[in-house]
């Protein structure tokens, strides 16, 4: 095993940028930062309509063992999002309503886990949002160490502690801490631009004209019949 | 590459038949036409409760490239359903709320795409129905041609432009344009017949008796203990 | 083929225990009985929010053939849950609103099927809960025998007729008939204990302290930085 | 059900073209005909090293029922390739060494089946090549009709009777009968061109130069560090 | 957790029957016992050509923890086949060349594991056959108990200790200990019958005639064109 | 898009360490470095028996577009292994025998690609080893930029240019350049230790005794019957 560690103190992303990214949502943020940082599309919310952004507290742990989630609670702070990846594929229900109660008491906004979750009924009622790979009642043991606040790969994305995680109905995206402000600004620009385009499209104008694509189609040799 | 083309004019199915098929829904229509034309079951609606039927505008395009969706908007007409299949498996989010705004402005009723879609929150709010293989924020480029209104295979079903596509919570089925009226009539017959059966079943009568299955069970040798 | 049979009379589980298990739900019951009996996590409800428990009427049948579901209706009784497994993987829609009407007339509470279901719109409206592997309009024939009320493996779980099946948003779990009362009692104990823990967690106390995990972490060699 | 039929007489593709396509193999043929007609990549050979091309005898049949394969043998001729697709996803072993013996006696070169196959040991020994979605001993019944020599969709490709099917370690591709000679000629051109390119590449010359890509990279804005 | 136990003494199946079943192979045995007992088709051999049959030593263990395989070695005997199922889906490499060396020293013929295996190069060289769901180098810990020689569900099949497991290139099938002799006899009958059929088929006779299917086709209404 | 770049010069890992890691193979190396760095188990070799280790040249590219592989050839050096990951899931055949010829001319030892490969017959003949997610003839275009020699996530593993990639029949593992010597040494230790264990196991000694597990079993409460 690589040496298990818990890193207590993590530099947080600027809170204004986090608030802005939460407002813009996953698809806009992902585009605005150049189409990087998206988690795999099998990461789905347990109920529709939630949008959150926060600072990642990362957890790497073994299949079928949630000891390190209990450890992680202690280093979470207001505005954290817990991001959990097992060291090999696992659908076990690492997390349920009791842990959500605990996380909420510590200000955590939600969970992103490349594994299973359970108690989705109660979690939905208490509006604690979770993005997971599976729903499963299969419990876990508390026998083996992992690490907290180390770099991880979660659902094909590389995530560092303190990165901004944004999650909504479209999925989950990670923004590097150092990029948060730049990406928030770029998101705003994108949204403003889209507002203008939306009006044109709603009036029946064509994307072909708005984006000046007709010349390209001709050059590429598209034939109309 | 096979030569990319856009076919502008497509013969439309009879609008009465389309309206009838929309009323009957996927499972009834699929049965009524002899259990053909069903798309693979991984095609799922982004929100529950929508039912649509319309004339297919088909799009064949490369993985990760939605140029041809922009091209297709121009040839859509009131009552169209856009049906999109990539030339190889892809979960990218080819389509979002801006394109939906554009399609709606041209009278399109919904989208069927054997790939990914994004902006599912906004699409749900604006009630633009989509049946897709995945939800993904991953954007696409506009670099390579494909074809519009050519025969395609989408989610294991062969679809021609102008065929009727019916979609609801059960999935998606295609009815050949020439069969639309016959299948609408057969659907009506089926629904009428089912109304009678439903009453009997609700009163506790058994399918074994209604469908006269007991003799067959005996002949096949079923043993009761 | 192994000889097809229908077993008419099955010993039922104690109704008090069934009622209790329904109240506690899948995750609690699964934990309380020692983490056994869970069905695979691909078994998902067709709509959220339903919780049922009942006595299993089991059906083993061929792919694409639902003759034995019609046979099974006759041996269902008030409080039954129909549990269906094909003899090889199949996503066909074996079951729809007509069969649900029939089952409901005979007091059946719901369906668990390791295959496809259709009419999910109508089933949702009539609040007939189904847990399935797929949604598909693909119909089935009535040509080949199978068996009713024999032991089956459904979604990786071994199920006998008369076992208690519990299903909710978390999935499906089976409790052996002989264990029902013991597991109901253990579930109550678990829930009571969790009530106490929940209060502590909600007040910010840590699981590390409540479950006395700090000594273990030290012994295992966890390093804090 | 759509009316089950067997079409006895099918126009065959030109034998010279078939022989040529067999020589060029799947990847070359697929490229040469403009990247269409490829079956899904889950279609894998049961043993490596076989390459065949032949005229498709198509079979559409129900899940778990191989009656129509027995029917199809009679309409096969020397050089046929049997192409089988179930009407819904199924992994059952529809086919084994006995049917292979029968097909071989009628001159059939191999099997392409979007389902399961069994007896892969004996089939490997007798060098009867099969491309399938699964290997499974699960047998089938002979209870329900389907059709032979009708258009089918097999593994996402649209196939008509008499089309040329080419299969090797890379997978399976279909060439429309009317295109066979043109595609054979285009394949030859492609192979000749590749021979020249191969020599250059083997000597260390770069594709960037052979295909004149450097200008494009510059235009697209690629930065070297 | 359900109480972990190791059952030391298990009644063995008759060795003559085991030897016979090994000779007949999976597909024949599965047919001969009425098409029951087949493991899911994702269980694949790590190299082609091996056929084994033996008495099952069953292991139920947690995801990512192979402690119980080490425990199981001690209760294996000459002719055992180790059959391992994790309590939730896991692809970890529970098993490699060292454990194979140990098992072989105790007379074990092979391994069937619904999880991962590693060292497939060395295992192939030493001709120790394994049927698994995955190949993965991911190691496991030795921290948590499970059970040995209890009934398990492995890859959708119910398996008891002392049942006969047969495995070859077609997959894996289990025969209940009490059925072993009967199934061996039925397998012989089947093989004898198939020898006769094979000769007819090889001479060009049709299955339609050998199995007298023409009347059925007519009755079902098959139309020839 | 994030800015596309090609980094020409990458610090190479020590060649002695690479040679040692190649000798030890994936499973040993993965264990020796603490069970990190393993690529997902769906990465499979196109033919059995190859073992390679080398310095990673990384490529990030769009779905269905292999322009950047052509770019990457130029920056490969003797002993490189090309490691390719698309920015979203794709099974297209990005790579075939011509590119292999080119890579070989530049001293590249093999390819690791989280996508498809084609020409597996010719690649097998020329013994150019490839580990891929799929085999597919589906070609790609050369239209869009990506990056070469930037950090990527490939099959769930984080890989930097100049890291050591080791691949064999068990899969693929990455060792950070800075860790290569330490891991090579740890691998040697592990192999030496295993040699001793293997002898004991081959003589029938039990892992329970060699690893002193009996006390633990007792402490955990394992019951023998």
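Details
By letter and in written order, the chains are A, B, C, D, E and F; residue numbering begins at 1 in each of them.
Criterion: a contact is a pair of C-beta atoms (placed from the backbone, for glycine too) under 8 Å apart; a residue touches a chain by one contact, two chains touch by 3 or more.
A quick note: this is a predicted structure, and the numbers were derived from the prediction, not measured.
Listing every chain that touches chain D and chain E alike gives C, F. Centroids of chain C and chain F (each the mean of its C-alpha atoms) stand 42 Å apart. Computed from the mean C-alpha positions, the centre of chain B lies at a distance of 28 Å from the centre of chain D.
If you average the CA atoms of chain E and of chain F, the two centres end up 31 Å from each other.
Shared contact sites, meaning residues of chain B that touch two or more other chains, fall at 3, 35, 38, 41, 87-89, 91, 136, 138, 144. Every pair of chains in contact is given here: A-B, A-C, A-E, A-F, B-C, B-D, B-F, C-D, C-E, D-E, D-F, E-F. On chain B, the positions that touch chain C within their shared complex are 25-27, 30-31, 35, 38, 41, 44, 48-49, 51, 168-171, 173, 194, 197-198, 201-204, 206-208, 211, 213, 216-217, 220-225.
Residue ranges on chain B touching chain D, taken from their complex, read 1-3, 33-36, 38, 40-41, 87-89, 151, 153, 156-158.
Of all residues in chain F, those touching chain B in their complex are 62-65, 87-92, 136, 138, 141, 143-144. Residues of chain C that touch chain B in their complex: 3-8, 47, 67, 70-71, 73-74, 91, 93, 96-99, 101-102, 104-106, 116, 118-121, 124, 134-139, 142, 144-145.
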